[in-house]
């Protein structure tokens, strides 16, 4: 079975919400839509206080290159345009909407029929992706239309769809494949057309045999979609590792996947692409897993963007258990710990993961015993222990020479460290310092 | 036997002489001509290599002084005026006087403990914690309490107060080199003039959020109400972005703003203990006499 | 509800810990200890106990009264040092007090003086052993004859290596004896099979990798083989070479010490190669009959350099 060529770890999978079908989360009374839900500059609000908006109406426009449109997830009246604290407590520009009814834009096709044919030209597809505010739903929320505008002089040869879902606990991609296999395949076909590549490869880790079977069966009806079962190893779903696993190619230091002729999209993004292109539905919903060992029940939801963490928790499990130690947005390896549960969800939120107190606590740090486990676990072939020492002693120049910027922050080093040294934290700090140093030199 | 010893001594002796001669010529050939003044200046400097002057170290500072010929724009904060005078004497230029300064931590930790919303469990580094989230109190501007400033201090002048989790500056040891201010990712620490009799007044908050939002994370936050700016007789206080700032060059440490501040965000340091207030009565009229005219003036302005 | 914990990712950790690693190494040393007690009797047990106890005690005293920091004796690393030190000395009555000095040197000078576990450049047990070898040459080379006995006064004999250095291998020592441990020598090194058992456990637990032991033993085998082919009269045959003396113990437990060996696999191969080569050189042309500890000590010194030279292969070049 295919996999990437070095490093990697195997954390406990904990896919306990696998069998929970996707439910629809009801809409709350008030929605707060943040203006930067994506990588890059925030969108500019184009509505004013008192404006009436419909579901799917454009409310934030992308005015710079690295930006994505934001649409209203609900219908109602704009209450105010202000700032709102996001899940990490940082104030972000936001549009507050009072919910009134559930009136959708007329252009959106809400019928359940699956529409397979797409008559649009590649350029039109990319333009429509931009209009619909589609971003990568694998976690980085990179605006999709930028990814699919292949720069001059470069040629895409492979379209790779990331359905590895190598993160523990997360099951939203799995549920999408199980319930919307056909839509996903249409989405993949559209993206394949947009890039003009002969084949698309969907990489699925072998711990999801049902999804592999389902996708293989569905893919037969489509041209040029190949399902690749992958070995269960974290970080199989990291862009560079996935490219390596499927094509055997390597993305060089500081290079983008397109430099190796590859474009990678998440399977959730493919579903969003289908809805955007075939149904004219902008990205206003997330498919989100609510999971955790301590929770009474496990859920997968389709949630309107802007619903707060508290609302989702209240609807799904009532309230957080007494023993809650940590709430994570995303998986255990690369997700972010949430501090502000009153914050609205944003595009790309794939889970609310509740960890018990004991599980969430880090063990005390001790001396490095130079066992080299971090080095052997590193999927990029770097030396985390060395970065730790260099960053601590502020030897930033040397850290750069040892390619600290190659680090993908997957967390394998900290995961495997017997001395519990916060290596990933130290490397992130080091990367920030290296970038600051490079910026200062310019 | 004696013969052997003699040979050994002679061989080693000859080698020694040979190397001495070689060394002498090499030293002559590669002699570096350096202004002896640099050594003299470097001798005067504290030698802590703190980098507070902006140079790579004390020797680089000495080189800069000598090459410039005067002390204009060059100041060794740890050395203070005494060192400046000595260097000026060596260089034969006029003495540049600077106000003595001290590092001031502009964050009010008194209520942070109650308002703690989370428990930070990651790498003990403010610079890193700052990239993760707002910090334990929920204030996105305030002190993070991991002690990057403590680690940066070369003079053992700043320490964490375990009770509050914020740093405390030892004004006697602080040389105002600015290393802590540079290390703080949130720019909470500022260098301010020590003030007459070491008395200073400053706004102990850097939160730029709107009043109501700021109060949520800290009861002692500056809410930008502007009352302090109104009572200030010297117009030393400005309010920008919901945050008040006292210009230490204009401040006369009258402490009107301290009493005026509704959130007790303005701190005074170095004044006689508050025990004066309830204590001896005879002093009270004197104090009133001083205060009344100023208060009237302000009211007249309004 | 409790306060929410916040940290950077990842939020989970494997169940590895330093403590687990050290206790597993201790467990891996048990077979060799059992063999030692079987062949050398109560002396072996007492020397091991004294060595372990003094190592733990010295570490605790130093941490408590000199460094004034929380004690770390429970991580098991001092016990590893104590056991390995005991394994490197003959099981005699004299050793019961000499080994205490060895423990002081190993823990105090070789380990704690550098900052404790993880910071020592040289393997503490080897430093302790070499200190004793130089300071107490007679006691350190008075080997008890193998054979289970409850008595303290065991008969003394020679090690195969010592005998070979003197002239020729004693005729009664067979390969099987060396494999099982029925030979003279330091108490932990006599039985190859017990050591291999422990090493296989460590390999399965992924505490050591095959690189250092294989490179070490392989080099020693090939190099001594070449010498033996050149002149079987003066040089020991390669199979006997690797089964006698400390090569097995050194290659499996001492050279693989994480702290003092290189981290990259290529570095580990070079490290093992150097150890094997130096061992044979010292055995054949050095003053001592055995060279394993000196070889490892020298290669420990080279480790920082190997860490600098031998980098892992980068993914993205």
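Letters are used for the chains, namely A, B and C, taken in the order the chains are written, and counting of residues starts over at 1 for each.
By our rule, contacts are C-beta pairs under 8 Å (C-beta built on N, C-alpha and C of every residue); 3 or more make two chains touch, one makes a residue touch a chain.
The shown structure was predicted, so the numbers you read here are calculated from the model rather than taken from an experiment.
Ranked by distance of CA centroids from subunit B, the top chain is C. With centres computed from Cα atoms alone, the innermost chain of the structure is A. For the pair subunit B and subunit C, the distance between C-alpha centroids works out to 53 Å. Distance between subunit A and subunit C, defined via averaged C-alpha coordinates, is recorded as 49 Å.
Between subunit A and subunit B the centroid-to-centroid distance comes to 43 Å (mean Cα coordinates, whole Å). Taken residue by residue, subunit B touches two or more other chains at 117-118, 121-123, 128, 132-133, whereas all remaining positions touch fewer.
Residues of subunit C in contact with at least two other chains: 2, 4-8.
Contacts with at least two other chains are made by residues 336-337, 339, 360-362, 422, 425, 428 of subunit A.
Across the complex, subunit A is touched by residues 117-118, 121-123, 125, 127-128, 131-135, 138, 140, 209, 213 of subunit B.
By the touch criterion given at the top, residues 2-8 of subunit C touch subunit B in their complex. Within the complex formed with subunit A, the subunit C residues making contact are 1-2, 4-14, 16-18, 20-21, 72, 75, 115-119, 258-259, 263-264, 311-317. Remark: subunit A residues 5-7, 9, 11-12, 168, 240, 244, 250-253, 255, 320, 322-328, 330, 332-339, 355, 357, 359-363, 366-373, 375-376, 378-383, 385, 403, 406, 409, 411, 414-420, 422, 424-425, 428 touch subunit C in the complex. Note for the complex: subunit A touches subunit B at residues 88-91, 336-337, 339-340, 360-362, 422, 425-426, 428-429, 432-433.
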